[in-house]
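Two complexes, one shared chain (chain A), two partners (chain B, chain C).
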Partner chain A sequence: MLSINNLSVAFKTRKGEVNAVRGISLNVAKGETLGIVGESGSGKSVTSYALMRILDAGGEIRTGDVTYSGIDLRAASEKDMRDIRGREISMIFQNPRAALNPIRRVGHQIEDVLIRHAQATRQDAKEKAIAALKAVKINDAAARYDAYPFELSGGMCQRIVIAIALACKPRLLIADEPTTGLDITTQKAVMDLVGDLAKARGMGMILITHDLGLASQYCDRIVVMKDGLIVEEDVPAQLFTNPQHAYTRKLVDATPRLGASLRTLLPPEARRPEPKLRVQSNPLLEVRDLVKTYPGKSGPVQAVKGISFDINAGQSLGLVGESGSGKSTTSEMIVRLQDPSSGNIIFDRQDIAATPSARFMRHPMRRDIQMVFQDATDSLNPRGTAAAAIAEPLARIDGMRGSKLSARVAELAELVGLPQPLLSRFPHQLSGGQKARVGIARAIALEPKLLILDEPTAALDVSIQAIVLNLLVDLRAQMGMSYLFVSHDLNVVRLLCDEVLVMKQGDIVDRGPTAQVMDTPSHPYTRALIEAAPQPPKSVAA
Partner chain B sequence: MSPRAKMILGRVAQAIPVILGVVVISFVLTRALPGDPAAYFAGPAADAESIAEIREALGLDKPLLQQFFYYVGDLARGELGTSLTTGQTVLADLAARLPASLELTLVALLLSCAIAIPLGVLAATRPGTWVDHLCRVLVTAGVSMPTFFTGIVLIYVFYYLTGLAPSPLGRLDFIYLSPPHVTGFYLIDAAVAGDFETWFGALKQLILPATTLALFTLAPIARMTRAAMLSALSSDFIRTARAAGLGSRKVLYGYAFRNALLPVVTTLGMVFSFTLGANVLVEKVFAWPGIGSYAVEALVVSDYAAVQGFVLAMALLFVVLNLIIDIAYALIDPRIGLN
Partner chain C sequence: MADMTAPETPRAPAHQGDTTLGHIAYVLRDNPVTLLAFAMLAFFLGCAVFGPALVPYDPLATHAARALEAPSWDHWFGTDNLGRDVFSRVIVATRLDLTISVAAVALSFALGSVLGSIAGYWGGWLDAVLNRCLDTIMAFPLFVLAMGVVAALGNTVENIIYATAIINIPFYARLVRAEVNIRRHAGFAQAAKLAGNSDLRVLAVHIFPNALPPMMVQVSLNLGWAILNAAGLSFIGLGVRPPTPEWGIMVAEGANFIVSGEWWLALFPGLWLMLAVFTFNLLGDGLRDIVDPRKRT
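The block that comes next holds the complex of A and B.
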């Protein structure tokens, strides 16, 4: 149905031309689901924008043919392309909330497409838009018709984006990272919905994702892209059990999965023996009856409902839950950026909840509790160098100055594996993995006893994630730190944590040693989370 | 609609303490000014006795607090006092002069928007092309020349050299009679009276001063429109709209422009405020009987009542303006007023 032959795309930038896609060929048959898997910068999204001819300014198709049902998409006029987009080939995007016009009712956004492609008239548009909402299984579709995107959850917004894409019953759907930024159970619901709809309508689909596990679960065939080239193409089971290309093997290895250990995520040549971890039996942190209440529109909302737990010295505790479960609120209270409504946070036998967060900056224990933030880019000052970011806590809290300071910064960079020349760079000149290292170096600069990690690898590619996770376990062994690891990715938690807490709606619903909680989940919610996580086919590569 | 209506009502309620504050400040400010109005009023030949007499007649010998209560009492009855310079009541002066300033400012802003917004949109859709450069040049030129200079250049070219414009002497040439007072806006009043000769005469007088002001206000509006459109056009939802095959007009106006309007409305409000206050230079150059020149003249001679009236009128105007902007916000953006 769709065939791409020797496609290459180049972008004009200030530093000259960048070849984003360098001569790729692929086919999608009617009703087939093709996965395009690759890390950021591999050209997988650009390929799809090029075939839809919606490249950003500066992007240009250089060579190749794109043929859809006998139509040459490269030669088609812009007017013809507008008829094809949304009618024959549709797209859904990552970050669904941003993908919708924030100030237009979702129902009207669906109508725009229906009317554009003459699938509805002004008279019956509303009726058909509601039908489109029902098709994506939105509860109370008639009421949602009048909603604005900000009134809906992320998963709901993605359903709307899907409704827009499928309103005119296209024959090919391109899904560009459709579940990035969604909770794991929402991810499953959205993917199942798209899969079922594609099957029911005999629709072809291209699933673009960085998650090899997700692609293997929903695709008939997968192509792996790297640096604008297709390096391998196969059915999922073959790709996992017998990857041919070195890069595919690296990706398969780096994908967290059942039965893998931290070191096996790394390429074989980089695997060092696992460090010895010492977990002591005395608690470093005791949280007792912690409550956080926010004033809400209709009465106070309890974000955290009186939870208690301990972290022993040297231990790594995982905190798992979906958005809105209160896990971020909990970690922010412990790191003393927020004040609890009631309860105690006893750190090293001292109740630090008694000191208001605004004054905790000058508390002697400030240095002992540090945090690695979720978004490595947003948590660095864009106008400050890497060295300045790492030096900040040293200068502020230790009052370190001059050559002593720069020596310590260099030492920390060495510790996290950040090459010295990169220290003078600004965040935009660093890669995602390098920025993550800067964030970690800054957090461990004061040699804290407890490090709180808020989804530190969520925005990273899997191969970088593997390296960062291994770095974290090495640092923990070396410095004897305790970790509170906040994540929604159970496969990652399994690798890094000794014990795990599962939070739901402000309560801890399940807890225990990681292996026990994950292998024999007792609580139905834990089971739902584990089942929702994509499990790639067992690989033999490890 | 109910939460939005509530938000608008709340916003109106918030304006009340601001107005009370303005009443106090306008009183204190004028009393704090140097100069003795009684001495001015009495004239240069007066002796100490007649000055004291006048001071008593004006109520200026009373304690400040008592003067303040008189002032508030007068305000409550809608009396703003009498101007020492014009001999008219301040209310009558304001009623005559405020519409003149408002008419000039509004026409200037309409003109400015009519040029700046399309220019900004064009510049944003074609960054780096000649439209973009033209936009930049026009904007820089407009803002870098002081209004009195632009005004004089325009008079020189269009009145003195070519004679296309009428003499820059006020709102209406002496050959016309001013239209019967309805709103005080000549363009509106003349249209209401059906007197299109006068309407045209008033428009001719307006064009040069309005152009002068418009050139000056072009810059912030065009720049903000361009920046807001650029950021709106690079948003994810524009990509969604394009991928759904929507036409370029729909994408540009239905999706991008409405989202870009918010910062433009903010800028517009700010520009309106400073133009209304700052167009005294233009009023002087074009002998425009506006409120800016009235206030400056009153200030020079410590005309308490007139200055108080001016400050009060402007403050009320700004409160109303901010209210209108907030309501415009709520109408454009459904997210506002619900958090």
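The block that comes next holds the complex of A and C.
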């Protein structure tokens, strides 16, 4: 149905031309689901933009043919393309909130596309829009028709985006990272929905993702892209059990999965023996009856409902939950960025909750509790260099200056594997993995006793994630830190944590040693989370 | 740890544009309009600094015999009704007009930044009170407010500066408030607190500088407005007094002679005023690109 032949795309930038896609060929048959898997910068999204002819300014298709049902998409006029987009080929974008117009009712946004492609008249548009909402299994579709995007959850918004994309019954759907930023159970629900709809309508689909596990579960065929080239193409089971290309093997290895250990995520040549970790039996942190209440429109909202737990010295505790479970609020209270409504945070036998967060920066224990933030880009000042970010805690809390400071910064960069020349760069000149390293170096600069890791690898590619996770376990062994690892990814928690807490709606619903909680989950919620996580086919690569 | 760095070794070594000067050169080369704006700014600054020393005539010296002469090789812009050289007066006036506008903009930039930062960072009742005060200023027709301030405080250059500054404060305060507000819970602000910075320091050192790029656009537009404002006040007789050369007064005085055909009296100061405003308006984009670290790719 769709065939791309020798497509190459180039972008003009300040430093000259960048070839984002360098001659790729692929086909999608009617009713087939093709997965395009690759890490950031591999050109997978650019490929889809090029075939829809919605490249950013400066981007240009250099060579190649794109043919859809006999139509040459490269030669088609802009007017023809407007008819094809949405009607024949539809697209689901990465961030559903950004893809919806925030000030229009979602029902109207579905009507827009129906009317544009003459699939509905003004009279029956509303009816058809509600039918489209029902098709994506939105409860109470008639009421949701009048909702604004901000009134809906992320998963709901993505359903609306899918409803818009599918409203005109296109024959090809391009889904560009459709579940990034969604909770794991929502991800499963959305992907199941898209898969079922594609099957029911005999629709072709291109699923663009960085998650090999997800692709293998929903695709008939997968192509692996790297640096604008297709390195391998196969059916999922083959790809996993017998990857031909070294890059595919590296990706398969780096995907956290059952039965893998931290070191096996790395390419074989980088594997070293796992470090010895020492967990002591005395508690470093004791959280007692911690409550956080926010004032809400309809009465106070309890984000955290009186939870208690301990972290022993040298221990790594996983805190798992979906968005809204209160795990971020809990970690912010422990790191003293927020004040609890009630309860105690006893750190090293001292109640640190007694000092308000606004004055905690002068507390002697400020240096002992540090945090690695979720979004490495957001956590670095865009106007400061990497060196300045790492130096900040040293200069402010230790009063370090001059050559001593720069020597310590260089030492920390070495420790986290950040090449020295990168220290003078600004955050936007660094890659995601490099920014994560800067964030980690800053957090360990003062040699804290407790490090809170708030989904430190959520925004990273799997191969970089593998490196960062290994770095974290090495640092823990070297410095004897305790970790509180906040995550929604159970496969990652399994690798890094000794014990795990599962939070739901502000309460701890499940807890225990990681292996026990994961392998024999006692609570139904834990079981639902584990089942929702995409599991790649068993591979022999490890 | 060395083996772990393998996948992300840095690519090319330092490239051109890494230094501040190199970056400025890049911005200028990239956009000819910016280059033109900076060239014109340099010209006006040159006039302001060296003008009084270089002009052919004393701008205040009258010469009754040569009054109201049309432009010639002796008097490029002609002479006025008292025989003073219009060219010399226009050039000498540059210093006064630029001083007024730069001082007024600097003052409103500083005050607006402080007020806006406080309102944007702490929010709550402080934000509400500050916003209502600024709304009150905005509710007046701004030029009339400036007239009122000068009329009440007295007819001096300082008071023109204060008046111009006051009417411009709300623009800066609102801009800074919005820019600070969206960043107050940003990761880097939180991280700065963990590094032992107080709220005030986080605000001043980490958050506020990020508001600079849009501020630069506002500054350059405002410099133009401020010149117009000062000239406007002088035009209606408030502010700079004759015989001090100032573009606004010169246009006002020259306007009387347009009817009788002596067009050069009003045209040349007006032209200079226009060029100055034009320069500052063109400058905005270039200034923003220079202070924005993200442009340094």
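Methods note: the second predicted complex is superposed on the first by the 542 of 542 C-alpha atoms of A that agree within 3 Å, B and C clash if a C-alpha of one lies under 4 Å from a C-alpha of the other, contacts with A are read in each partner's own complex, and residues count from 1 in each chain.
The working rule: a contact is a pair of C-beta atoms (placed from the backbone, for glycine too) under 8 Å apart; a residue touches a chain by one contact, two chains touch by 3 or more.
Please read these numbers as outputs of a predicted model, since none were measured by experiment.
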In the superposed model built on chain A, check whether chain B and chain C fit or clash. clash
Identify the partner contact of A:E392: answer first if only chain B is touched, second if only chain C is, both if each is, neither if none is. second
Considering only the touch criterion stated at the top, classify A:A441 as touching first (chain B), second (chain C), both, or neither. neither
Under the stated touch criterion, which partner chain does A:R104 make contact with: chain B (first), chain C (second), both, or neither? first
On the A-aligned overlay, A:M1 touches which partner chain: chain B = first, chain C = second, or both, or neither? neither
Who does A:I464 touch here: chain B (first), chain C (second), both, or neither? second
Considering only touches as defined above, state whether A:D112 meets chain B (first), chain C (second), both or neither. first
So, does A:Y148 touch the first partner chain B, the second partner chain C, both, or neither? first
The answer to whether chain B or chain C touches more of chain A is C
Contacts from chain B onto chain A in the complex sit at residues 127, 235-237, 239-247, 250, 254-255, 258-259, 332-335
Quick one: which bits of chain C touch chain A in the complex? Just the residue numbers, please. 1-10, 13-15, 17-18, 26, 30, 186-188, 190-199, 206, 209-210, 293-294, 296-297
Which residues of chain A touch chain C once you look at their complex with the stated criterion? 13-15, 269-270, 272, 335, 337, 358, 361-362, 366-367, 370-371, 373-375, 378-384, 389, 392-393, 396-397, 414-419, 421-422, 424, 426, 428-429, 431, 433-434, 439, 442-443, 463-464, 467, 470-471, 474
Provide the residue numbers of chain A that touch chain B in the complex, in ascending order. 52, 54, 57, 81-87, 90-91, 93, 95, 98-104, 112-113, 116-117, 148, 150, 161, 164-165
